[in-house]
Amino acid sequence: MLTHLDKNDRPKMVDVSDKSDTYRVAVASGIITMSDQALHNVLQNRNKKGPVLQTAVVASIQGAKQTSTLIPMCHPLLLTSLSCDIQELKDGFKLTVTAKLKGQTGVEMEALTGVSVGLLTIYDMVKAVDKTMVIKDIKLLQKSGGKSGTYEYDMPKT
Amino acid sequence: MLTHLDKNDRPKMVDVSDKSDTYRVAVASGIITMSDQALHNVLQNRNKKGPVLQTAVVASIQGAKQTSTLIPMCHPLLLTSLSCDIQELKDGFKLTVTAKLKGQTGVEMEALTGVSVGLLTIYDMVKAVDKTMVIKDIKLLQKSGGKSGTYEYDMPKT
Amino acid sequence: MLTHLDKNDRPKMVDVSDKSDTYRVAVASGIITMSDQALHNVLQNRNKKGPVLQTAVVASIQGAKQTSTLIPMCHPLLLTSLSCDIQELKDGFKLTVTAKLKGQTGVEMEALTGVSVGLLTIYDMVKAVDKTMVIKDIKLLQKSGGKSGTYEYDMPKT
Amino acid sequence: MLTHLDKNDRPKMVDVSDKSDTYRVAVASGIITMSDQALHNVLQNRNKKGPVLQTAVVASIQGAKQTSTLIPMCHPLLLTSLSCDIQELKDGFKLTVTAKLKGQTGVEMEALTGVSVGLLTIYDMVKAVDKTMVIKDIKLLQKSGGKSGTYEYDMPKT
Amino acid sequence: MLTHLDKNDRPKMVDVSDKSDTYRVAVASGIITMSDQALHNVLQNRNKKGPVLQTAVVASIQGAKQTSTLIPMCHPLLLTSLSCDIQELKDGFKLTVTAKLKGQTGVEMEALTGVSVGLLTIYDMVKAVDKTMVIKDIKLLQKSGGKSGTYEYDMPKT
Amino acid sequence: MLTHLDKNDRPKMVDVSDKSDTYRVAVASGIITMSDQALHNVLQNRNKKGPVLQTAVVASIQGAKQTSTLIPMCHPLLLTSLSCDIQELKDGFKLTVTAKLKGQTGVEMEALTGVSVGLLTIYDMVKAVDKTMVIKDIKLLQKSGGKSGTYEYDMPKT
């Protein structure tokens, strides 16, 4: 056995075979900031690639379903619910994804992946008018179910 | 034709058929912040799922290749080069992806998607010890090639 | 909250978390019509790309497994059975897919997606000899299991 | 060599290595028919899963990009343009996809796959109110570029 | 019904709807042989594409999760555990994958697919220095759970 | 910069941006051995999951197209030709895949991945009657095009 691939030091999917199925929910959010011009274009649906926010919602939901394909050590999961909200900020948008399942492992990564893909979709559709956009504040807001119990992010002021 | 699906207001993949092939490069980066304990675990490769940074580099490169699957209006592209660097910060890590191709459209989204997937992979592998991690500062650092010429992000102090 | 993205008007994956697992079956079918020459070629396995019907059956089953990747608001499901039959018609073929699972939501979309991908595969392999083919009559024939009970299509004469 | 797998009788991807790159366009369309109630719901965006037509357009474009994954003998292609229109009919919707590339093989299958996935998405989002919907008239409307030249479907009256 | 597509002679996903969920484990392994020079390069992490074995472990785990996408008649499964070990041999490497789930069908194919993708990844990263590598001895070592009970490969001397 | 992630020691996709497009071909093969009973079943198409060899050919071609998704450091490529032959041996089957493209990098991995997926598909469809099958001798037979010129495997006696 190679020393740098022994039991303590190689990537693996954590064994959840013995965990019981519990009802699990995770909520994650993230923000994209943009110029006034870009924000205006999104809200007016006046950009070259089409209506931005609806497309971002669809992409976010489809992206969340790809989590175990994208994140190497994530388990495949049977999500029972996925939804995505987008809130207008004064300098951009906040996107929030809620994921649920009854299963053996949590759905934080699904919510966070949904947020990331949704924000990247907004970026893609707006980048022709603003290259200085920044994606930030991607974090887990809330999590319930499972051994570790309920978690609430101690909300910072964004 | 439905009014809200007319020529001015529906999503589409922008037509690049008439663009010429040019050599294009994009560099994007992003940051994940974490607790001292979590940072220490990553650097010691002492976490339950295995060595974090090597896994993140692989995931980042594989994720970048999925860009046109994940981002609805992105064109499929033949990336000729992808690389990913990870830099240690005092409270986390900065991940940088460089993407290249000779083609008809830019590779910003590939670089940004690689950054996002790499950071999410770090998050996944560390979340057992720190649920307060935040992914931030995902942005385009540099871009060259194509009609719009070279772009450099006017570096903020992170 | 953007008015056109509020609770009543944004795409989401319907929450099935509270539904109980029941045994579910769905049967869907569809038809492709083609010229005599094309039909003859398929039946003789005399076309440039190889034996058409066997390839269509394989593609149909593989396509059905991609349903939640393709159809944005579909849940990922653990199909326990998939089969595909092809019946010769006087001017083409009728392809029928049966999908089953024990789960929280129905498998109509899996059956219908399998039918569509199977028919598109026939189209692809025959298009060199006939560009006038038409795919039609894709519909749900039967569905059982779940809250809405058994459904039978009131069979039209095709 | 097995007799039923010899040179004349096995599936393969047709060799296009020697074809020259030409500018190619394909337009395909298809129809979904539904009840008055279902049609009304779609037009009012009053259905459980969210706005139907925008979601169908996004799914159609994403689906078209999956063509070579879904249809076994299709070549991977670098589509340079994809767009999707939806037209209201008195008993349903007509969805039209236009695909373009400069390449060695045609884009009919990409246009047809986009049409199929778009129509299946409408089906999925409306099926809670109407199980009798039928998908029909999926066909190639127009094709140009390549050795076989321009093709126009001799329009039937739908 | 076409005679060569009747009940006895067409591919289908075997119906496991009535099987009960049992705890299942499968272990598979395979070997890649290479030149002394190539072996030395891998062990020194001195090859153009980067550290080989860590990348192979990640690829193996990600590949195993794609089993039902790659192998046409495989059921989608919710793997609860996946791990990959690599052992140094005098003329190459032996890669072993262990897969687990509680479900209705076995996980042999997941273990075997993980082994194959891991070995192909080593091949890819080393092929610049050795084109004569051979992948061999891919087999099921052990299997437990399910109707057919426990199976142990009668170990040959490799 | 982390020492184990510096320029000399991290995985990356090799930069092929400056390579010229050349016509490239690769041929790879591999073998699966099985019991007389299993071999007989395959040749008679008498196994529970359906006709094995046709399904393996389709899976092999579809699998080869997934190479850059499966093998982390592989470039996405536009394969212009893929074909798969299966030859009967006295104790199993030999599967050969030929891949072609005009492009900047070789297609060995595509041929080898096609071989692996084809052989795994045979394994899957036959495993109910024989668990002792072994996949072996997966290797590159021939390669032409590109800087490194033509390569022919110095055929061993299998």
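General observations
Labels A, B, C, D, E and F are assigned to the chains in the order they are written; within every chain, residues are numbered from 1.
Note that in this section a contact is a pair of C-beta atoms (placed from the backbone, for glycine too) under 8 Å apart; a residue touches a chain by one contact, two chains touch by 3 or more.
From a predicted model like this one, the values you see are computed outputs, not experimental measurements.
With contact taken as defined at the outset, chain A and chain E are each touched by B, C. Separation of chain D from chain E in touch steps, taking the shortest path, is 2. Of all the chains, the one whose CA centre sits at the greatest distance from that of chain A is F.
Two copies of one chain, chain B and chain D, touch each other, and the residues they use overlap weakly: the shared fraction of interface numbers falls below half. Counted by residue number, the contact pairs of C-D are over half the same as those of E-F, the matching pair from B-D, E-F or A-E.
Centre to centre, using the average C-alpha position, chain C and chain F are separated by 30 Å. Distance between chain centres (mean CA atoms), chain C to chain E: 30 Å. Annotation for chain F: residues 4, 10-14, 50-51, 54-55, 57-59, 62, 66, 69, 72-73, 76-78 touch two or more other chains.
Arrangement of the chains shown, judged by which pairs touch: an irregular graph that fits none of the line, ring, star or complete shapes.
Taken pair by pair, the chains that touch are A-B, A-C, A-D, A-E, B-D, B-E, B-F, C-D, C-E, C-F, D-F, E-F. The touching residues of chain A, when paired with chain B in their complex, are 8-14, 30, 45-46, 48-51, 54-55, 58-59, 62-63, 66, 69-74, 108-109, 112-113, 116-117, 120-121, 123-125, 127, 131-140, 143, 151, 153-154. For chain D in complex with chain F, the residues that touch the partner chain are 1-2, 4-5, 10-17, 19, 68-69, 72-73, 75-78, 103-104.
Those residues of chain A that touch chain D in the complex are listed here as 50-51, 54-55, 57-59, 62. By the touch criterion stated above, chain A contacts chain C in their complex at residues 23, 43, 53-54, 57-58, 61-62, 65-66, 76-88, 100-102.
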